[in-house]
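Written below as C-alpha cells is the structure these notes are about.
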Amino acid sequence: MNIQDKTVISAHELLAPDSHGNSSVKYILLALCVLAALLVPVVVKDPSHQNLAILILMAAQLGVAWNIVGGYAGQVSLGHVAFYGLGAYTSTLLLTQWGFNAWVAMLCGGILSAAISLIIGWSCFRLNGHYFGMATIAVAEIIQIIFTNWEYAGAAVGLTLPMDQQGWGSMIFTDKAPYYYIALGLLLLTLAVNYWIEHSYLGYYFRAIKDEPDAARSLGINLSRYKQIAFAVSSFFTAIGGSLYAQKELYIDPGSVLHTGLSIKMALVSILGGVGTLLGPVIGAGVLTFIEEGTRALFGGSGRGTDLVIYAALIVVIAVYYPTGVMGWIKQFFARRKAVKAQKEQDVQEAKREAA
Amino acid sequence: MSLEIIIQTLASGILIGLIYALVAIGLTLIFGVMDIVNFSHGEFLMFGMYSSFWMYSLFALDPMFTLPLTALFLFALGTLLYKLIIKKITNAPMLSQIFTTFGLMMLFRGLAQFFWKPDFRTVDHSIVSGAVQVFGIQVGMPQVTAGVGAILVTMGIYLFLTKTRAGAALEATAADKEAAQLMGIDSQKMFAMAWGIGAACAGVAGALLSTFFPIFPEVGANFILIAFVVVNLGGFGSVIGALFAGIIVGVIEVMGGFLIGPQYKLALVLGLFLAVLMFRPQGLMGKQ
Amino acid sequence: MSLLRVESVSKRFGGITANQDVSFEVGAGKIVGLIGPNGAGKTTMFNCIAGYAPPTTGEIWMNDIKVSGMSPEQCARAGIGRTFQVARTFTSMTALENVMVGAFLINKNVGDARQSAARLLSFVNLGQFRDKPAGSMTISEQRRLAVARALAVKPRLLLMDEVMAGLNPTEVRETVDVVLKIREEGISCLIVEHVLEGIMPIADAIVVLDYGKKIAEGSPEQVSRDPKVIAAYLGDE
Amino acid sequence: QQEIKIGVIYPLSGAAASSGSEMKNALELAADIVNNGAKTVPNLPFSAGGGLPNLKGAKIKLVFADHQGNPQIGATETERLITQEKVVAIVGAYFSNVTATSSQVAEKYKIPYVNPESSSSTLTQRGFKWFFRTTAHDDLFVHNFFDFFKELEAKKGIKVKQLATFNENTLWGNETTKLETKLAAEKGYNLVKTIVYPAKSTQLTSEVQQLKSANPQVVMQSSYLGDAIMSMKTYKELGFSPEMILANNAGFTDTEFRRTLGKDADYVITREVWSPDLAKNNPLIKQVNDLYNSKYKADFTGNSSRTFTGLMTLVDAINRAASTEPEAIRKALVETNIPANKLIMPWKGIKFDEHGQNVLGSGILVQIIDGKYNTVWPFDLATKDVVWPMPKWDQRK
Amino acid sequence: MLQVRNLRVSYDGVLALSKVDIDVEKGKIVALVGGNGNGKSTTLRAIAGLNAADAGQIVFDGKPLDKTPACKRVGLGLSLVPEGRRIFARLTVERNLQLGAYTRKDENEVAESIDTMYSLFPILKERRYQLAGTMSGGEQQMLAIGRGLMAKPKMLLLDEPSWGIAPKFVTKVLDTIQLINQQGMSILLVEQNLHKALAIAHHGYVIQTGRIVMQGTGQDLLNNEDVKKAYLGV
C-alpha cells in the first residue's frame, strides 16, 4: 500500500539558508510577519473582515495541529473533529455547568482529548494507511452519535454559552479583537510547538515512521509510542481550537463541532499549503478561507449552489495541478531554476570536454 | 422478539446489505486497482439514480429496462473521469488523492443541485413494486429485485476478476503498475477500466435503488459512510469480502436498531467494524 | 565468550519450514557468514534474531538477555542492528538525516546526532551524498546507507543481509574494507551473502543452511571443502 | 430614492436547499408586492406598491445569503450582511440551530432579527431584545396535538389512549420528543414507545418493527421528506396500520410526499400552519396564493407562507417606524399589532410578547384525502370531516 | 536488432545518461558493465520505455520506438527483467508466470512455456501456488527471470539477473542465458559478475557516469587493464 508522501519536503529544507537567503533575513521576515499580524485588528476595523481574519487563524491553527500527526508522522487521521468536538463540549460544560474559568476549562478539554487520543491510538495504530483513516472516521462518527443522544451535553439541541458573562475570565467578548488575539496566540503557540518538534529528534522520528515503519523499528523506535505522542499533541491543540470555536460562536451542537466534513477540512488546509511543512497549513488556511468566503459572498445568494460548485472545482484543480500544495510548488519552482542552471553548466563543461 | 420478527428483520437486513455490497464493490475495485479511495463514489450512485429517473420521467422508461443504459452511462462517466482527472493524480501523494476525490464529491453534488434542483424526486411507478409474501413475511418487491441484482453483479465481477485475462491484467496493474507494463499490459487502459466498472457498479446500484429510494443531489451521503465501512470490513480490494461485509452490516444495522434502539444503529455498526479491525487489521478477507 | 547464541531455533510459515532446529553462536568481535542456497532460511533467521518474526520454537540470547520474543525495537536497544534485503531507506530524507534517525537512540541532541551521522557517512564512503535525498540514490548506495544507519544505534552485533549483491568486484572490495573497519570498532557481524569473494576471506566462521537446516559450520576453508556444502550450494567449479 | 436593505439568510445550497429556494421565492414575491404593487390583492397591506409610504416610497432590497445549514456559516454570513451590506434588519434562518447563532450576531450588533419559521421553543427563551418570531413554536404545536385528541373524544367520541412517538434525532425531533413525553404523562395518555431515529437513514425497517410490536393507536412522527417517504413505504411493506399517523409537518407537507406516495399518502394527518383550502374563510389567502402560483407554478407551503408573512411583518414595522434606524424598527416591532384579516395565515394576528414571540399564532391539522390537504382541525376551520381511523393497508383498494 | 543512438535521460532535471550509443546484433549477447550508479539500469529502463528519453533514438527491429509506450514494446518482442525483481507479490507464482505471457494468445503454448520454466527452475514448480511475495529473495529473482522469458521476446533485457542468487545457481542462470541465446534470442545483459558475464558476451560496453567510455568483445574487455583495475578488483 502506497501511503507515503514521496514529494514531501521539510520546512527545514525550505527555510535552509541556501535556498532562501541567509537565516537572519529569515528571522527579520518572521518578526515582521508577527508584527503585521498583531496590527491587523488595529488597522482593519470592519468586524466582518476581522471575523474573516479570525476564521483564517482558527483554520490555520487546526491545520497546523492536524499536520503534526497527519503530515509529519504520516498517520492520516480523518476523524480529528472528534477532538475538536470533545474540546468544545468539555470546556463549554465546565464553563456553564461547573463555573470553571474559561482558560482552565479550555486546558481541561485539551488534556481530556489527549487522553482519549491515547485510547484511540492504542487500538488504531496497528492499522495501515486507509484502514487507519477509516477507523478514525468511525470513531468520530461514534462520538458524534453519543453526543447527539447525551442529554447532559444537550443532545441534539446543543449548548449555549451565556452571552452576558463577558470578560477575560469567561473568554466571551462582544468585540472581535480579543478573539483575534487569542486565535493568533494559539496559532503561534501551536506553531512554536510544531517547530520545536520538527527540529528535535521527534520530528525525525515522525518522518522515519512515515517513510519506513519497519526500518524505524530496527533503529529502536517504538512505533506506537511515537505515533501516540504525535496523536496526543495534535489532539490537544485540536481540542483547544474546538474550545475557542465554542467561545467565539457561543453555541455548539453535534452538527457544528462534530461534523465529519470538518475533519476533512483540517486535512485540506494542510494539503493545500503543503503537508509536513511548518507554515504550509497557515498558507493553506488563508487560501482555503478566501476561496470559501469569497465564493460564498459572490455567488452564495443565487440559490443554486453556484458557490459550492466553484469552490469544489477550485479544490479539484488545485489538488490535481498542485498536489504538493503551495509550499511544494514554491520548492519545485526553486528546484527547477537550480536544475536549469546545473544543466547549463553541465552543457558548458561537456562542450569544453568535447573540444579538448 | 417473535420468530416472525426475527425472520423479517433478517430478510430486510440482508436485502439492504446487498445494496450496500453493490455500492461498496465499485469502491473496493477502484481502491484495489489504484490504491485510491474514491470519496465521490456516492455521487456515482446519485448519477445512477438520476439517470434512471430522467429516462423514467422524460421517456417513461422503467428503471429496470434502462438499467443497462445506466450502467453504460456510468461506465463512460467513470472512464472519462479517469482520463480527465484521476490519471493526473495516479502518482500523487495519498493526501492529494483524497483531496481530489473529496473535491469531486462536492463538485458533483453541486452540479446535480445546479442542474436538477435540490428537490426530492422519485420514480413512483415501476414494474417492480408492491410486496411479495415469502415464508409468511412481507418483503418489498423492489428490494428483492435489488438484492438479486446485487448478487448477480457481484458474481459477475468476481468471475471477471478471477477468470478472465483482463481480470488478471487488472490485478497485475494493481500490484505493480510498472511491472505490469513490462508484461505488455496497458496500465492506463486498466485504470480507466477499473473506474468504469467501479462507476458502473454504483450506477447499477443507483438504478436498483431508484425504484424505492428518493432521489436528490445529496443522496450519496446516506450511503457512502456505510460503503466505506463495508469496504474496510470486507478488506480493501476484496469483492467477495465486500459482499459478505455488506450483508453483515445490513443485518447488524436492522437487528441492532430493533434491539438496542435506532439512534444507536450506526454506532453499533461502526463499533463492530472497529472491533473486527482490532483482530483483523486487514479486514475480513483482505490481503495483508 | 559468545555474544549471540541461537539455540535450536525453528520457524514455520504454515506448511513451510523456513528454519529447523538451527543453533550457532557469534563471538564478540567476530565476523560470521551465514550462507546457503536460495530459500534456505537466511533472511528468516535474521528476522528471528532481530525480532521481526519470533521463532516458532527455540531461543535466542544476546549475552545474558533473551531476545527471542522481544519486539524489533527492543532488540535494537539490546544491541542488534540490522539491514534489510530490500534497503528500506527513509526516502523523503537526505542521507545524513537517515543516519541521524539511528543516532537518536544514543543521543537525543540534534547537533550531536548530526555530527556522528556525518562521521558514519564518511565511514561507509558516502560522505559526498550527505545532502542527497535517499530516494534518488541507487539501490546499492542505499544499502550502504542502511549500514551506516544501523551503525548509528551503536549495535554490538550487526546483521547485514546481502549488502554486496549487485556490486562489481572492485566495489565488493570497498565494502569488505568497510566490514573490516566495523569489526575493528569491536562490533560483531553476522553476514548473509551470496558473493563469496566478499565473505570468505574475512569471515571468522561460516554457518551453512540448506532447506532450513544447518548443514555445516566452521572456518571458511573447512566449509568450502565440505562436500555437502559443495553439493548444496557452491557447485563444483 | 431610498433603498432599504434587508438581509435574508437561508439554506440556499446543501441538503435543505429545496426548502430554501421555496422561501426565497416567497420573499421575492413579498418584496415585489411592496415595491411594485399587486392589484389583485387589494386587502394585503402595501399591495398598492411604490414602496413604504412613511419613508417616501423607499423600496426594499433583499440581500440574500446562504448558510448551507451550518451554524458557523450562519453567524459569519449574518455578520457580513450587517457590517458589509449594512442591512437594517435580518430575516432568517429556517434551521433552528442556525437561527440560534445568527440571531446572536444580530443581537450583538443590535439589529432586529425576524424569524418567520424556526420552531424550537428555546429560541425565544434567551432573553433577547432584538429577536422576533412570528410563527408559533413547537411547544404550541405539540399542545395542539393533545388538544386535538381531547376534542376528538369530546366531539366525535373517538378515544385515543396508546401513543407512540417517532421523531428524528435532531434538535427539532429531540425537543418534540421531550414535550410529547411530558404532555402525554400530564394528560394521562399511555406512551407505549418512544423512538428517536438518526436522520438520513438508508432504511427504517428496525424502527418500524419496533413500532409494530409496540402496537400504538397513534404514531406521532417528525421526519423530513426522505425519511417521511421511506417510513410510509416501510409501514406498508411491513403491514403496520396504526389508527392514525399524526405527523409533525416537515416532510409530510412537502408536495413531493403526496406525488411520490400517491394513494399511499392518504389519511395521514399532519400539523400545518397553512393550507390553500383555508381560503374558504379568508379570501386573501387565495389571492396571494394565486399570485405566487402564477409566478412560481406551485402553491404556497407552510414554510413559504410563513416566510412571506415574516417579511411583511418586518416591512410593516419599518414603515411604522418611518425610519431605518435599528432601534426605531425594534420599537415598532415591539408595538406590532396586525389583525388576522391582514394575514395569509390562519392566525389571530401578530403581536409579540416580551420575549419576541408572537402570541397570536397557532397551528392547524390537515389530512390528506385523495391526494389533497384538507383542514380538519381546529374543527371550526375544518373544510372536511376527519377520517378516523385510517384504513388498514390491506383494506385499501 | 537494436540501435541506441545519442540517448539522453534525466531524473528531475539531473542528467543520468548522456550520449549513450549501443548496438545489439541479432542473436548476440551484449553486456553493459559499469560501477554503481553509472546508468546501467537507466539505459535498460529507457530502452524498455519506462523512462522517457530527453533526446536520442532507439530503433528496435527496424522500427523507431520513440512514440511507443512501454506496454506496446513488449508486443514488438522486447522484454525487460527489471532490477529489484518487481514480481507481483500478492499473486501466486503461477499467476506471475501467466502474466509474463500476457501478450501471447495461444493458451496451450503458454502452458507449455510454463512447464519449461518449471523445469528450468524446479523451486518455482514446488511453490507454484505460494504468494510470490513470501518467497525468498533468490527465489523471487528466479521467478522474475522466468516471467521475463514467458513473453518469448525477440530480445531480452536483463538487469543483474544473478542478484541474490546462490553461486551454484548463478552458473546455471548464466548457462540458461547462453542457451536461450543459442536458440535465437538477442540479449542485452547488465551484470556485476563481470568475469562470468563478459565470458559469455559477444560484445561489451563500459558505461561511466552516464556515457559509454569503452567497448569491445567480451574477451577484449576482460583483458583490458583499465577494466581490470576499475571493475575486477585486480
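Miscellaneous remarks
Going in written order, the chains are labelled A, B, C, D and E, and every chain counts its residues from 1.
Following the convention adopted for this analysis, a contact is a pair of C-beta atoms (placed from the backbone, for glycine too) under 8 Å apart; a residue touches a chain by one contact, two chains touch by 3 or more.
Quantities reported herein were computed from a predicted structural model and do not represent experimental measurements.
Counting steps between touching chains, the shortest path from subunit B to subunit C takes 2. Relative to subunit A, the most remote chain by averaged C-alpha coordinates is E.
Ranked by number of C-beta pairs in contact, the top chain pair is A-B.
Annotation: 28 Å between the Cα-based centres of subunit C and subunit E.
A straight line joining the Cα centres of subunit B and subunit E is 43 Å long. With each centre defined as the average position of its C-alpha atoms, the distance from subunit A to subunit E rounds to 48 Å.
Computed centre separation for the pair subunit B/subunit D is 37 angstrom, with centres defined by C-alpha atoms.
Within subunit A, the positions touching two or more other chains are listed as 4-6, 8, 145, 148-149, 304-305, 308. The set of subunit D residues touching two or more other chains comprises 13-14, 17, 20-21, 169, 196, 198.
The set of subunit B residues that touch two or more partner chains comprises 110, 113, 118, 263, 266. A list of each chain pair in contact follows: A-B, A-C, A-D, A-E, B-D, B-E, C-E.
Residues of subunit C touching subunit E in their complex: 13, 16, 36-43, 85-86, 136-141, 162, 165-173, 194, 196, 232-235, 237.
Note for the complex: subunit B touches subunit A at residues 31, 35, 37, 85, 88-89, 91-100, 102-107, 109-111, 113-114, 118, 225, 228-229, 232, 236, 263-264, 266-267, 270-271, 273-274, 277-278, 281-283. Residues of subunit A that touch subunit B in their complex: 1-8, 70, 76, 78, 123-124, 126-131, 133-135, 137-139, 141-142, 145-146, 148-149, 260, 264, 267-268, 270-272, 275, 304-306, 308-309, 311-313, 315-316, 318-321, 323-324. Residues 13-18, 20-21, 169, 195-198, 200-207, 209-210, 213, 225-226, 229-230, 233, 236-239, 254, 256, 259-262 of subunit D are the ones touching subunit B in the complex. Those residues of subunit E that touch subunit A in the shared complex are 12-15, 18.
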